[in-house]
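Here chain A shows up in two complexes: once beside chain B, once beside chain C.
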Partner chain A sequence: MPRIEFKGVTKTYPDGTRAVADLDLVVEDGELLCLLGPSGCGKSSTIRALAGLEVVSEGIILADNNRIDRLPPQARDCAMIFENYALYPHLTAFENIAMPLRARRLPVPEIKRRVMEIARILRIESLMGRRPSRLSGGEKQRVGIGRALVREPAMFLMDEPLGHLEAYLRVELRAEIRRLQERLGITTIYVTHDQEEAAAIADRIAVMSGGRLQQVGSFLDLLDRPVNRFVAEFVGEPPMVFLPVERTGADSIAVKGVQIPLSEPLTAALRATKDSELTLGVRPNDICVVRPVPEHLNGEVTLVQPQGDHAIVAVRTPAGPATVFVSSDRRPAAGAAVGLVFASERLYIFDSTARSLLHNREDSGG
Partner chain B sequence: MTVALIRNKELGPGSPAAWPIGTLRYLVAAIFTGFCLFPFYVIVTTALKTETAIFAWPPVWNFKPTLQSFYNALFVFGGRSAVFYLINSMVISVVSTFLAVVLGAMAAYAFARFSFAGKGHLAFWILSTRFAPPVAFIVPIYLMVQKVGLLDSHIALILIYTAMNLSLVIWILRGFFAEIPIEIEEAALVDGYSRLQIFWRVAVPLVRPGIVSTAILSAIFSWNEFLYAMVLTQSRAATLPVYLAGFSNSMGLAWGEYMAVGTMAVLPILVFTFAVQKHLVRGLTFGAVK
Partner chain C sequence: MAEVRLRGVCKRFGPVEALRGIDLVIPDGAYVCLLGPSGCGKTTLLRCVAGLETVDAGEIHIGSRSVEALEPFARNVGLAFQNYALYPHLDVRGNLAFPLHAPRHRAEFDDEEIEQRVSSVAALLQIEALLDKPVVALSGGQKQRVALGRALIRNPTVLLLDEPVTHLDARLQHEMRVELKLLQRRVGTTTIHVTHDQLEAQALGDLIVVMRDGLVEQVGAPDELCRRPATSFVASFVGDPPMSVLRVRLEREADRLSLRVGATRLRPGERLARLLDGIRDQQVEIALPAHDISLGQAGDVQTIPARVQAHEWVGRELQIVVALDGSPLRLRTQKRLALRIGDEVAIRLNFERAHAFDPKTGCTLQSSTD
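Right, the complex of A and B next:
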């Protein structure tokens, strides 16, 4: 199974849209990498370029150091799963799964054996005689997965494979995809806009925005060490709270006149920059709701959304809106005046270019 | 419409109000059908009548059918039998329809799926070949056919009918191909098929209704075409319409035999259309995506 490498890959469409810009990304042998990002971020264009469905405008794609970006799709040995299934409507489920094998002119008994084996693994044996129009969404995508799996491809490319399915099926099928992928050890790129899905399935996650790769890492990496404001906001649910801060000294900041205590690394990072247009970032579960006192940032509760043992509380502060995660038994009532206290060890500061100061420091520190 | 009306709650099948409107609809449909079928009735019954019955006045409705006219047209008449012209018509129609559909489908697929320089102009030019009335081209085409020595040949008619049908096939099938969800073909690409394989194994089966419709239309056109056949053929490659037209001058007018050949001229297209009609189903691509 190959190691896939994108080097400076750029995809510009004829209308001038730049879908992917200067992408450098390595997918390790046997790894499941998620491309995560909002719609239009270039994640689909990236795997379509890898599959050969789009021609890259600049840059190269390597599979085990062999250049593949000029090969026709049928020579790349990628199997793809499509968001809208893309089954052959005139063929039965059996024939759909058999199509890649027929393209390789395998002997008929061999085709039958392999298709039925895949059908057994995916538990769709009883559906083999049906046309796609008589399958449910989940069944169709199982056939789609079977079609991709049956020829043991070098790479698996999945373009939002579970996007059209109901929530319970998504959870079930993603576990199944992960199990099969681990068992077969096939290098896989999985495109999704759903961070929960990415977190559940991926070895590593590559976050994209506006055609550019933002950050690659495990879900916890992205959550704990976002490189910029986009990643900080996109990864984590509910999203990070951002508040504009005033710089009150070389190593101190304040939000609307309220001094914010900072951790030692963050203080050091702050000292290293002259930037004064800074934004404070804090995750909703790193904020404590307390009684309002003048030395805290105070605000008014505008909305309380109970979520079981937790509640998501929206607070309007003089610096801007904030979201706070509060345990249910301690949740305030709407309209209540509250004070907010931030966990100083868990704060982020973003500079005027939206980069995280902590990340800058790590970069310069080697 | 009728079904919708009957299923309507206020005018259900049991309610008395449903009947007058429903009956009226069927009455109108029956009258129209009768109007359309009457010429066929006359053709077929005349072909089956004896000569005296044909000219009887008032017309006889009850008569003993005879196949004498068919027999005469096929075996007795001077010159070649109707079978000869029937075979000419069939060869020319089948071959030109086949060529037009195969070439047209490939061209239509290219128009639907690929982008190339001058695509719009090319498509318009293909359509423009049908703008002028065929009679406008008859002299130049006659001269061309004469120069290449193809007068009174099957090939000349086959080529001309193919060319005339091509624009129709291309324009109709282009729409059919364009409606195939592109992801199905992309799936076939990553499954390991070449463009040509995808065309035959995926695209063509999915536009089967379009192919059947255009084949029917092409076959009808080739079968019925009279002007070019009349001008470009004499005897060897003459088609059934030419033979039919020849009835009135060479034989006086043998009504029974004339109508017998007319009946034979209608039958093949009728049989062909019924035979392929089951392929004219909608929704072949249902269930492929989403």
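Right, the complex of A and C next:
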């Protein structure tokens, strides 16, 4: 299975829209990489360019160091799966999956063996005689995946394959896709706008916004070391809490007059910038709810949502709304006055260009 | 606003018994979630309250009125569905006002009243800026707000919601949950919300009604369902993540009890042993919270070999599903492990907080005071 490399890939459509700008990205051999971003971020254009459904405007795409961006689509050996399954309605599930093998004129017993092998892996053996109209959405998508995989492609490209399915089916099928991908070891790019889905199945996640790659890393890398506010906000559920900050000195900040203790690295990063338009970022599980005292940022609980052994608590503060994760046995009631304390080791500060100060510092430090 | 009471409600579709005798009281002003897997009867129950289905037997009261024989509009319920069901040829204003224009009500609302109600419901849902837009131009979240506005415009006695956020993506679902709950607080209307998503039910419901196979399995506040599941089904369905249920064989040797899982014998610990004291059955179902299942070293006492079936990140934790004696067990760890599907791991079970159930009825073996 190949290692894929995008080098300076730009895709500009005839109307002037630049869907992808100067993309440098490596997908390792056998890896499952998620392209994650909101609609219009360029993630679909990226895999369409790899599949050969779009021509790249600038830059090159390599598979194992061989240039493939000028090859016709069929020579790239990609299997692509879309949100709509595009099954042939007049053919049975078996015939749909067998289609790519028939096209290659493989012997009938060989076709039968390979189709049933894929059907077994996807647990759809009993549906092989049915036409698409008699299959549920999840079953149709399994057949679609089977058809894409039966010819053992070098790369597997999926564009929001579970987008239209119900939540519980999405959870079930994504585990199935991961199982299949691990088993076959196929280099896979999976496009989604759902960070929960990306977290669940990806080896690494590439976050895109406005046609530009923002950051690549494991889910935990993105959670713990977001390079900018976009990544910090897009990854993690519930999203990071952002509060405007007053700069009270070279190495201190306050939120609505309340001094916020900072870690040593963050203090150093703060000292290194003169920017005064700063935003504090903190994740809901890095905030503690305490009794309100003047030294803390205080607020009122507006909503409590139990979730098993923890609860999601919404708090209205003078600096803006905050979401807090609280363990169930310590959760406050709606309407309660509370104080918020932030875990100083786990804070982020974003500058006026939305970059994380910690990231700037890492960059300059090499 | 009113209490909703159901007694012995049955509904059959041909050979399928969708509801098999539902007794339920939904308190005035409460937000109640009907929760269950697909096919459990939750949507049928909602449709019976709405009057979209007639009941075969039983009584439904909204407030002091018996409504089983009333037509839907006469029950004064507001309805919103998962697919929004907006009229594509009308703009937002037209969709909101639609229930007020329905022929039978023509005399009831004059133009001024309609205008006044549309603007107040639009303000409530913060969709004033969208009033003149065609509904096809709206995003999923906006459509759902319009559908909710339409459901509320006649000041219904009961608000009925069928999977109202299912079609939205994950982040929007979380945002809409917050909006729904705050909205219901503001208007105070008794609300019945059908969902298959137990985290959604926990986040929203003052009470959750867990349904299965046309029957009510348990009714309780979210915490109650997690702490005292009445059946092994509830234990395996509710929680983040839900508990894992496995069947174990009880073996007594010289008064010492051990639990047999596959080929392995485990000590139950004092608490569980006391709970199982006097149980005559050879088998029981044990439910364990995810955090009481952990990975141990192969060969350790009290561990059982199992195979990894799936692994995925959930927030900061790695969720691992293993197959143990045919049952899937879900555990979570903060460790960064490089696991592959099919790997063999050693599982350690902690029975400190285990729940035990009768394997025939699925009912809890705990007394309600335990």
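By definition in this document, the second predicted complex is superposed on the first by the 366 of 366 C-alpha atoms of A that agree within 3 Å, B and C clash if a C-alpha of one lies under 4 Å from a C-alpha of the other, contacts with A are read in each partner's own complex, and residues count from 1 in each chain.
Just so we're on the same page, a residue touches a chain if its C-beta (ideal position, glycine included) is under 8 Å from a C-beta of that chain, and two chains touch if they have at least 3 such contacts.
In this text the structure is predicted, and so the values were computed from the model without any measurement.
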{"item": "When chain B and chain C are modelled together on chain A, clash or fit", "value": "fit"}
{"item": "First, second, both or neither for A:F219, with chain B first and chain C second", "value": "second"}
{"item": "Chain B versus chain C as contact partner of A:E182, first or second or both or neither", "value": "second"}
{"item": "Partner chain in contact with A:T248 - chain B first, chain C second, else both or neither", "value": "neither"}
{"item": "First, second, both or neither for A:S136, with chain B first and chain C second", "value": "neither"}
{"item": "Chain B versus chain C as contact partner of A:D309, first or second or both or neither", "value": "second"}
{"item": "Which superposed partner A:A51 touches (first chain B, second chain C, both, neither)", "value": "first"}
{"item": "Vertex chain A; arms to chain B and chain C (CA centroids, nearest 10 degrees)", "value": "80"}
{"item": "Chain B versus chain C as contact partner of A:S352, first or second or both or neither", "value": "neither"}
{"item": "Shortest CA-CA distance between chain B and chain C [superposed frame, angstrom]", "value": "14"}
{"item": "Chain B and chain C footprints on chain A, overlapping residues", "value": "none"}
{"item": "Residues of chain A that touch chain C when the two form their complex", "value": "166-168, 174-175, 178-179, 182-183, 193-197, 199-201, 219-220, 223, 236-239, 285, 302-303, 305-310, 312, 314, 328"}
{"item": "Residue ranges of chain B touching chain A (in the complex, touch as defined)", "value": "181, 183-184, 186-194, 197, 202, 205-206, 283-290"}
{"item": "Contact footprint of chain A on chain C as seen in their complex", "value": "166, 169-171, 173-174, 177-178, 181-182, 196-197, 199, 202-204, 222-223, 226, 238-241, 289, 291, 309-310, 312-316, 321, 336, 340-341"}
{"item": "Partner chain B, residues of chain A touching it in the complex", "value": "51-53, 72-74, 76, 78-80, 82, 84-90, 99-100, 103-104, 131-135, 137, 140, 147, 151, 157, 164"}
